[in-house]
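Got a structure for you, written out below as structure tokens; questions coming shortly.
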Amino acid sequence: MAILVGADTRLVVQGITGREGSFHATRNRDYGTDVVAGVTPGKAGQEVNGIPVFDTVADAVRERGANTAMVFVPPRFAADAIYEAVDSGVGTVICITEGIPAHDMLQLYPYVRARGATLLGPNCPGALSPGAANVGIIPAQVFGHGRIGLVSRSGTLTYQIGKELADAGLGNSTIVGIGGDPIVGLSFIDVLERFEADPETDLVVMVGEIGGDEEEKAAAYIGEHMSTPVVAYIAGFQAPPGKTMGHAGAIISGSAGTAQAKKEALEGRGVRVGRSPTEAAQLAAEAFAQLG
Amino acid sequence: MAILVGADTRLVVQGITGREGSFHATRNRDYGTDVVAGVTPGKAGQEVNGIPVFDTVADAVRERGANTAMVFVPPRFAADAIYEAVDSGVGTVICITEGIPAHDMLQLYPYVRARGATLLGPNCPGALSPGAANVGIIPAQVFGHGRIGLVSRSGTLTYQIGKELADAGLGNSTIVGIGGDPIVGLSFIDVLERFEADPETDLVVMVGEIGGDEEEKAAAYIGEHMSTPVVAYIAGFQAPPGKTMGHAGAIISGSAGTAQAKKEALEGRGVRVGRSPTEAAQLAAEAFAQLG
Amino acid sequence: MDLYEYQGKQLFSRFGIPVSDGQVVDTPEEAREAAERLGAPVMVKAQVLTGGRGKAGGIKGPASPDEAEAHARAILGMDINGHVARRVWLERASDIEREYYCSITFDRGAKKTLVMLTTAGGIDIEEVASETPERIARVHVDPLTGFQPFHARRLCYAAGIPAEEMRQAADILARAYRAYVETDAMLVEINPLIVTPGGELRALDSKYTVDDNALYKHPDIAAMRDLEALDEQERMARERGVTYVKLDGTVGIIGNGAGLVMSTLDVVAGAGGTPANFLDVGGGAQADEIVTAMEVLLSDSKVRAVLFNVFGGITRCDEVARGVLTALERLDVEVPIVVRLDGTNDVEGRAILAEAAPPNLHVAETMLGAAEQVVALAGAS
Amino acid sequence: MDLYEYQGKQLFSRFGIPVSDGQVVDTPEEAREAAERLGAPVMVKAQVLTGGRGKAGGIKGPASPDEAEAHARAILGMDINGHVARRVWLERASDIEREYYCSITFDRGAKKTLVMLTTAGGIDIEEVASETPERIARVHVDPLTGFQPFHARRLCYAAGIPAEEMRQAADILARAYRAYVETDAMLVEINPLIVTPGGELRALDSKYTVDDNALYKHPDIAAMRDLEALDEQERMARERGVTYVKLDGTVGIIGNGAGLVMSTLDVVAGAGGTPANFLDVGGGAQADEIVTAMEVLLSDSKVRAVLFNVFGGITRCDEVARGVLTALERLDVEVPIVVRLDGTNDVEGRAILAEAAPPNLHVAETMLGAAEQVVALAGAS
């Protein structure tokens, strides 16, 4: 069953008539995802490579039973698109759009939570359950089906790790890119929790990077709540110092947010951390082999 | 156990150092309510007739275990007071203050709901469980302990009906005034639901008045969900036509909102409706007698 | 607080909702000047806080400046459903292709804002609502989201707004919602929202109600209050913070709390009397308000007896008793007064009345008994 | 986008947060004039987007007009932690009784706004945070409630703000929150928030970061962007929408996506190389951006070899391949280039490169292999 997306996903693509929207909607459909509808206001009745287009998400839900939405609209209209999807009863919203103002998300998130919906992203590559469904821009050909869950803040780095795993002969249950924006829907912990509960996931690879304290929090969560083994990779040991966010950032996290600090937090909870994507994949292969 | 307020109520009074706040806090305490604290910013350390005053509700919760708040602050500050109470973890907020802008309440209500708190009012007389606790301005001497639940939109009319019941030899489990503002916390249905579940309530008297369609909705609820018998009284047969709210009001409710329409809706669900408070009390007495 | 059409349209303009160019005047001469300034045929519209102006002859035009002056002369002073037209609004006459309707108000039951839109606007909107309610598109707006573009789209598609008008309609809805929130409105209603032959949408009328409780945030709107339009007693009552509505009977009624006062009217009617008014002194009334209330009530010469029905919660009966006695003294009251006090400090209140015991004051034990007594006194006097 | 102190203070003033009277200038002569106009001893403060100005000698005063001119001359052009001071801010010097600290920013983990306040403000704030964190009062603000007066009271009581300063402190917090929301700020920080001997609270410095993604809503703030302060390559990169940060090594690195580029730096370092830069062309890069990226990167003469590491998702490898070839042609590139392409349209991309096969272009199979190859080439060249 994997997590977030799978065989029961019925996808509506918001912004389907745009260049990227139509390209990736078609690509997701061609992969095998059940892309049941697209939405672009004013274009109801059209088709995009055979996918019917509606004016509103509510219509797509009513006419086509959509239960998952992928948001591909420009950043200024993305918050509205997410509100519309959630208000229309869509349970899972995956927002690919990059460049959404953080205050829009700050305002939006409690609504998503209050309605019991799941939001992945924004500014994320989406989620892929190999062999079942691909929702987003993850290049699916890289990934094979298997029993390793993969979660990452970074898009392209996700693909890199996925490829390294594939090269090491390992496949994935689901690959989830949570996005690196200041306010995102699912966090590392939310996804780890789902992998922990997923019978098709035997091992998790977590891919973090410098900044914030999400990896530190995830380390604590892994230590306290997970029986599924986790292997990690952290990017940014050589990175130039990023935005400091005044003193406030450091005060909030109580952490330097450095790659080294994250690595130590994870290792302190028994999580092995690779020094390169290649090494992380090797560690995963070793851990997977030990599962018997 | 009655509903909303009772022996386990630990009350904090917000605005306790004001004229009305101190009068009614003391009166509630003297009735037997466990008034554990008052709050007036800047007056921590003072006492009001022996009730300790704190700067914040959070302090009152931490120091004195308050679980119910009564709001007596002026209307401009009332929304803030309710936010503060809910944010501080108080489970039940009873807002007596009259004159709060409706948009303040409209904004506030989803927060109360999201936090799982219960709000009674604003612009309501509060709730009284005779013999156990009185929170608000209901003149308790009128009401005796018994097994009849009483719920009303109107303050003084509540007292009138309560007195008529007492004159007819009947006592109350709890008397609840929900207030007549455009946006209130508990509605008729919410209170009816609590009475239905309350083992100490055998009969409910519901007191409505012209305007809106709350009584009509309550009638449908009673017909579909209640086994506890209900008797009603509706005020306003002679009332001058009220504010019409343009055409929108009539369109929303799909009802004339007249006393006659409400009476018919209730009678259509088998609820007997008295033509005066006195008759309503007589009907209640008859119904109560039939319970055996 | 209900606003006049012209005041509502001033707020529409402030929030960018298109309205016709116009001017409010209060003399026929000014009406001519305004029509000249507007430089086109104008409509002349009575400004009254009630519906049915058109049928009552309160809307005339299109008119030339001469005609506008004549129409204004006919309309000014006209009584429309009990409301006297003291001002007229003149605006450029519009060519009307279609009439839509939109409104924003509270849905009390849902505890949310409700926005409605239909292409079947105009004077028959209530008929549309009762006979073909499906023609009225509705969306509830969660305060968590506010009014988002998708709400506007959903309304427009559901109402069947033509594609070429969608942008205008969505814009007007968004602006009306902003007006509603930022002015603490209880109601913003545009009926009709017209479409001109050129395809332009414009608000041809306004119904605008602002929350009295929020007027302190909006001194500019509070200043729109037109106290002169109320009759003498209503104005006096409003100034002292009591709610008074005149009716046609002979039994004056004062009480505390709208529910109890309404119930008192019903019980008086049930006892065979005719209520002269609705008068609510509100919660926590002090002696001063009681005196004002009595003064307002007694300015109606038809009143033959007065029923004072108070059940004290936040109101204290001793205060009320003192107020009644003061009123009797100051106002030289001759009609009989029946007083019924219960609730907070009722024992003290009744003791105060018993001690003073003015000859025309009768203390009743119960509400029903008080009603029967006052009806008898009104009939007998 | 980080704002300079003087820009943050302009926004503070707009939202009614008290600041000292002052002026920004960019020559010593103007500094004298400004000091004269301000008519009191002034502070002369380097305007740079970095901390530690005071220790670096970038803050001088109190100064007379003569001294202000001399200080400005000393400061203008000064290098402070790699940032050149091109402007100075002059403001009336303040008497300081106490130094507080307040800030408003996102708490990513909680997905809420966090407001912090402490009476232990000043330059040692991070020390306070790590050693006595309980001295810093914090409240999370739910977007559902916004910043309410009770939040301000709770912060003030928890921080131990004296009673007589509470109203000012609460007011500044509320205004700072409004500024934060209405300007789409990521951070509003006042440190120190001083108390004068007269008991007045005032913002003596500002740290203000506005969300780049929201600048389209705030053209006035977007116009504050100071492109001249960036060095040549950084400016060129920003204008073309690519992210470039210069480092000290010899291996130029280009990739798509911050995570992958960071990882590439790490892997190059792990292979014994030294990264010359961080350069992210972002998602969906077209051939044009690739050319710009290469141009920016090659303007650094220390670069001896370039690693192109692209994993296509929304980016298409065929576009990247075309961009690389165009860049090689147009820019007359002499250093060796190692290209590694994977993901969307990678087969097409590799085919395009294989067909053109320029002599200094090397195609690698894996990221690790590419890193090892580029390090070898950088060392050898």
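Read from first to last, the chains carry the letters A, B, C and D; within each, the first residue is number 1.
What we mean here is this: contacts are C-beta pairs under 8 Å (C-beta built on N, C-alpha and C of every residue); 3 or more make two chains touch, one makes a residue touch a chain.
Note that this is a predicted model, so its numbers are computed, not measured.
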| item | value |
| --- | --- |
| Intersection of contact partners for chain C and chain D | A, B |
| Between the pairs A-D and A-C, the one where more C-beta pairs touch | A-D |
| Taking each chain's C-alpha mean as its centre, the one farthest from chain B | D |
| Interchain centroid distance [CA atoms averaged], chain A/chain B, Å | 47 |
| Cα-centroid distance, chain A relative to chain D, in whole angstrom | 27 |
| Interchain centroid distance [CA atoms averaged], chain B/chain D, Å | 54 |
| Shared-contact residues (touching 2 or more other chains) in chain D | 142, 144 |
| Shared-contact residues (touching 2 or more other chains) in chain B | 110, 114 |
| Footprint of chain C on chain B - complex, ascending | 20, 24, 75-76, 96, 98-104, 106-107, 109-110, 125, 137-139, 142, 152-160, 163, 167, 180, 182-183, 187, 207, 209-210, 212-214, 217, 233, 235-240, 243-252, 254, 259, 275-278 |
| Of chain D, residues touching chain B in the complex | 142, 144-145, 148-150, 153-154, 157, 163, 166 |
| Residues of chain B defined as touching chain D within the complex | 41-42, 55-59, 77, 79-81, 83-84, 87, 108, 110-111, 114 |
| Sites on chain B touched by chain A in the complex | 110, 114 |
| Sites on chain C touched by chain B in the complex | 2, 51, 101, 103-109, 111-114, 116, 125-126, 129-130, 133, 136, 142-144, 181, 184, 186-187, 189, 191, 207, 209, 211, 213-214, 216-217, 245, 247, 255-260, 262-263, 265-270, 275, 278, 282-284, 310-315, 342-344, 346, 366-368 |
